[in-house]
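Below you'll find the structures, each written out as structure tokens.
Common to both upcoming complexes is chain A, partnered first by chain B, then by chain C.
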Partner chain A sequence: MFRVLGNRKVTPNAHEMIVEAPEVARKAQAGQFALLMVNEHSERIPYTLSDWDKEAGSVTFIVLEVGKSTSDFVRLQPGDEVAHVTGPLGMPLEVDNFGTVALIGGCYGLGGVVPVGRTMKAAGNRVITFVEARMEGMHYYLDKYESFSDEVVQTTTDGSNGIKGHGVDILEARLKEGVQVDRVFAVGCPFMMMITAQLTQPYEIKTFAALNPIMLDGTGMCGACRCTVGEETKFACVDGPFFDAHLVDWHELRDRRAAYIRIERDVCK
Partner chain B sequence: MKITLNGTSVTAFEGENVLEVALRSGVDIPHLCYHPVMPSIGACRMCLVEIDGINGYPASCTTTVADGMVVRTRTEAVRDRQRENLELILLEHPSSCLVCYKKEACQLFRPDKEKAGTTTGCQSCSNKHDCEVQRLTVELNVTSLPVGSFYRNVEPIRTDPFIENDPNLCILCGRCEHICRHHHESPVIVFTGRGPDARAGQAFDHTLSQTGCRFCGSCVDLCPTGSLAERFAKWYDQPEHTFETTCAFCDAACALTVMETEGRVFSAAGLDQKLPICVLGRFTIPYFLSSRDRLTHPEIKVGEVMREVSWEAAFEKATAILTPLRGEAFAFVCDRSGTVEDRLAARTFTEEVMGSTHYIEIEDGEDATPVKLPDGVRAVMLTGDFVDRKTLAGLDAVVMLDCFPTEAGGEATVLLPAAVLLETAGHMVDETGTERPMVKCARAPGQARQDWEIICGLISAMGDEERAGGLADEIAARIDGSDAVIVVDRQRAPDPALDITKIRTRYRGHVIAERVPPLQEVQTPRGATTEEALSEVSTCSEC
Partner chain C sequence: MIEAARCLACKKPKCVAGCPVNIDIPSFLHLIEEGKFVEAAQKIKETNPLPAVCGRVCPQEEQCEKVCVLTIKHESVAIGRLERFAADYERNAGKIKLPEIAEKTGKNVAIVGAGPAGLCVAGDLIIAGHEVTVFEALQKPGGVLMYGIPDFRLPEEIINAEVQTLSDLGVNFRYDYVVGRNDTIPEMLAGDFDAVFIGSGAGLPSFQGIPGENLIGVFSANEYLTRANLMKAYRFPEYDTPPIEAGHVTTIGGGNVAMDSARTALRLGSRSTIVYRRAREQMPARDEEIHHAEEEGIKFNLLTNPTKILGNSRREVIGMECIRMELGEPDDSGRRRPVPIEGSEFEIECDAVVVAIGNKPNPLIPQTMEGLELTRWGTVVTEEHTMQTSVEGVYAGGDIVSGAATVISAMGQGKVAARAMDHYLRTGKNPDPPPPPPPPKEKSKKKKE
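So, the complex of A and B:
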């Protein structure tokens, strides 16, 4: 069993969950994720590793409450246990000194960009972090961003905190000003990652997005997480989760994510 | 009388308000708190107009018409006031999606609702497709807010049966509070708190059950936002079909409007919003129909175990056990939940095919069970949980047409899955003796069939194909050729809608609450004792 060490509500619909999983923490690298089962009957859900602590043997996830399993998870309190944590899974990110790296994070990606930024900074990159939220009170982890970012840009859709707009708008403005960006990493909902890819394509900036399809075993066996990248079928669990965002079939990803929507709705009642 | 509306002369009637006249004349004035089924409140200040001789901008919903009144609804000044008021409303509503300039692209990419524990924008709002605030934002072209919006950041109330309440989405229009007062003698929704703490909810944070809510759902029906939502239906998208039919839970025969997707009913509500309906019609139907316990396949007893078989094999078995017991040794037991057609088929089967006089129709489903069988009966066919297991165990043949497994069903030799409620077509008889049409809105689970279809199939299997065909034709002609209408013009609400203790507790002999878990909370409220309630009163700091 894996003990829950912390549960903090970071936005009205998201919780920072810290779970004891020493083996995962020991091996985790930026870009990877872990699969978690709340109890022996619940779904296996992949969560992006937002942080980990080798000494404490803990991993941190940002969990959005979007259905039955996530709702069960965020209701756990420190001391409770989850049935299973499997990880780290997925390919670690390719790390190098690319020059300037832009991170775009939305919803759970506000946590998901942290290991990416930290690693990129350590490799000598200049890091600009764009974090978008719907409104005031939905930003978190500012201290973490500041520890690795050369610049942090907060945006809200309604302008109640930071700059009004989306992360991509500000990135676009910077690019138009002539700021050189060599890599973009996007973590968040498919729509946000898609529009980020659409923006950077004409600028020919290599852009990577962390895909988030439904996943089962996480080791390339079941194929539930298949997605189309550059007209090739890839498994997000073993080939990803980060893929070249310019080559991703976003509409297919969206449709696959909704494959079990009827059952998901029924268990929410 | 005549009034002038935007330069056009229109007819108005004594006592009408300006908004009613305008809407009737095809002039749409933006409004949020006004709803045609209840008296005007005048809370939201969206329906402001200009009227000659009246200072400022009166609310059209609370201004009674007078002969010769000159009203302007579309001047720039009026639009500005409405826009400003809507902006103020949006400031206390999670409105970032409403003013997001990427909303069209976002909509195109993900047209469906996205489930969320707590809604922070339209994209993850259960009311996404039917939101009056959203509609007005578009209509009045509000694309930005003067300052950032204020999010109340309180926990949504998810502890009540059937209804969820997210106060963060509430715009305090007052419709729920007003309709509750309008429909019930002792309302359960009140405004509590002041300023940023103002809520439409229950006093002293009691649950709905504790306050004596009847769960008529009128508040949910009228809520213009996603604040009050029906739990079962919450995350379903737009229905593929909507139907109008009659509720068959009791002989009040309330008219329902039903939402269906992929053959499954996910919501049913009163068709006539002017009067409330009871919790059974409003909330329990989707739970009841989609229960995982439903019987889905014909089964026959082989040795000590029940085996799933085809309809043919089940009919064959039923024929084999019933044929030797024709005459007074046979009895058919049903209640009045079935349609008129189902009962016609049952009676025909009993009297003409089996040659028995023991067609037993339970008058009242509540107290009549368990039924005592006439002496000499050795075979029985039942449509529900009406006879106790011990009695059935002593019989030679038991054929059950039922929707749920029961203890007594363990004695059945043949168990046939029945379609019920909105899965059936035909007629029911209401309390005045009038026939009301029932429309098939949902697909029955698995291979379940309606009672009369099963009975016709059995008659046919017993060798009387001519009679089976004739009966089926007669029933089909009855259903198609009927001129029965759905009742919508009733004068008063049915008793169970006003007093929850009067709801029917059994359907086909089954305790409804056993199949609809939230109903148990309604019937046995986790109520605060009087002492607890009093102690809370004494510690209330507001009064």
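So, the complex of A and C:
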């Protein structure tokens, strides 16, 4: 069993969940995720590893409450147990000194960019972190971003905090000013990652996005997570989750993620 | 008992040679004939740790029963059914007796995968006195037995009971553990373990590469069956994983996996059709399974090859375009090759497609260890008398070695590996010369009940 060590509400619909999972913490690398089952009847749900502590044997997830599985998870309190945590899964991110790296995080990606930023900084990159949220009060982890970023840019879509607009809009403005960016990493909802990819394409900046298709086993056995990347079918759980964002078929990803919406909604009623 | 009595107790029983784990068939049949059902089950377990499973899923008609001398004149003894009966009797009577364990050696063995190959090695090596830990990626044991083969053919309780016996013997099971992502095999060998057995199966689904395969409503058989079996989607919303709701499911393929998928579709309330590109005689599925499928009302579209899966604007499956085939010249496998009949394209309306055309080995383990020799199909190369891989101390068996095969062949390879591993753990060497197949010996029987 895996004990819940912490549950903190970071925005009205997102929780920072800390779970005891020593085997996951021991091996975790930036870019990876874990699968979690709250109880024996639960779905196997993937969550990005947003932090881990090898000594304490714990891992941290940012969980956005969207449906049954995520709300079952965030309802747990310290001392409660989850039935299964499997991980780390997925390919670790390729880390190198690329020069200047831009991170774009939205939704749960506000947590997901943290390990990416840390390893990129440790590899000698200049790191600019763009974090976007809908409105004021939805930003968190600023101290974490400060610890690895040369610059943190906060945006809100309604302008109530930081700059008004999407993270990518600001990135675009910077690029137009002639700021040199060598790599972009985007973690968040498919729409945000897609527009990021569309924006960086004309500038020919290598851009990587963490794809989030529906998953089942997370070990390459079922193929539920297949995505089209550069005309090829890839299994996001073993070949990814990070892929070259310019090659991803974003519309397919969006549609495939919607596969169970109808039936899931019925059960939440 | 009457059925068991038909056995002639041949001096050189062919049936035993036909069974990949060489069960002492005449002896256990004799025990059944005498009404000693528990003893019969124990007799079987001397060589086969999973009789309740094998009695159900073995292709007996191709193995032990095929070569039974009675087939020359009549029908063979129903060995598989009797094996199943004895094992079920023992389990239901609560009379499962644990075999004795040899003196502890202090050696540690890691087993990758809790499928039939891994379970078989675990059983043999714990009895031989070694410490055994099984690492399984999923949340439950059994491999394909649990996530693939449906409950109506192999109930989950049976797998759990067999695994419970192994736990009682002292086998340590670690679930949610992905070897290669958690510790790699080299790390295991450098750490606590003296030898490793790879029984990771063939779990990477193949697709045909036709247009439309990534539409919503196209599933690999693994996904379709895993949702139903492992995740219990048919009990949604009691279980959280949503089931696949479809009016008409079309399954592509002609093997056992296709039959299981098509029969599962019926049970999930869908109409069910199988599309297979060769003729009925060439279907790799067991005859018995094809019969069941036909009786249950599954429609067969033979000599039919899908060319395209059709979708609507929301990317949902609405049908499949197929072409009729006819049999041409024999191919490498000796089967007559199906060739498309020009202009015979037609459409099948359906809202889900299950692709059951085979699995390949998962590359995770070879990717995370150096020096593991592979074939060009990605299976692991082993020495056939020991199942040792190209890496010392690392053995492999089951579908990861032979490609998608059978439960009992996976266990047969597990047996061979366990024997070699026991020798290696005790002496640091592989057995040499290769051990001859064990003759059906009359072991000193432990009498107790």
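Rule of thumb we're sticking to: the second predicted complex is superposed on the first by the 269 of 269 C-alpha atoms of A that agree within 3 Å, B and C clash if a C-alpha of one lies under 4 Å from a C-alpha of the other, contacts with A are read in each partner's own complex, and residues count from 1 in each chain.
To be clear about the criterion, a residue touches a chain if its C-beta (ideal position, glycine included) is under 8 Å from a C-beta of that chain, and two chains touch if they have at least 3 such contacts.
Note that the structure is predicted; figures quoted are calculated from it, not measured.
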- With everything superposed onto chain A, say whether chain B and chain C fit together or clash. fit
- Does chain B (first) or chain C (second) touch A:Leu216, or do both, or does neither? second
- From the overlay on chain A, compute the angle at chain A's CA centre subtended by chain B and chain C, rounding to the nearest 10 degrees. 80
- Touching A:Ala56 in the superposition: chain B (first), chain C (second), both, neither? neither
- Task: May I ask you to decide whether A:Arg44 touches chain B, chain C, both, or neither, giving the answer as first, second, both or neither?
- Result: second
- Message: According to the stated criteria, A:Ala122 is in contact with first (chain B), second (chain C), both, or neither; which is it?
- Response: neither
- Given the touch rule stated above, what does A:Val179 touch, chain B (first), chain C (second), both, or neither? neither
- In the overlay, answer first, second, both or neither for which of chain B and chain C A:Val74 touches. first
- Closest approach of chain C to chain B (Cα atoms, Å): 8
- Message: From the superposed pair, tell me which chain A residues show up as contacts to chain B and also as contacts to chain C.
- Response: 258, 264
- Where on chain A is chain B touching in the complex? 11-13, 64-67, 70-71, 74, 134-138, 156-161, 166, 190-191, 194-195, 250-251, 254, 258, 261-262, 264-266, 268-269
- Residues of chain A defined as touching chain C within the complex: 23-24, 26-27, 37, 40-44, 68-69, 72, 83-89, 216-217, 219-224, 226-228, 233, 238, 252, 255-256, 258-260, 263-264, 267
- Can you list the chain B residues touching chain A in their complex? 94-97, 99-100, 102, 105-106, 109-110, 112, 114-121, 124, 144-145, 147-149, 151, 153, 168, 231-232, 234-236, 262, 287, 290
- So, in the complex, the side of chain C touching chain A is made of residues 137-139, 147, 175-178, 181-183, 203-205, 207, 213-214, 216-217, 219-220, 222-223, 226-227, 231-232, 236-243, 245, 314-315, 362-364
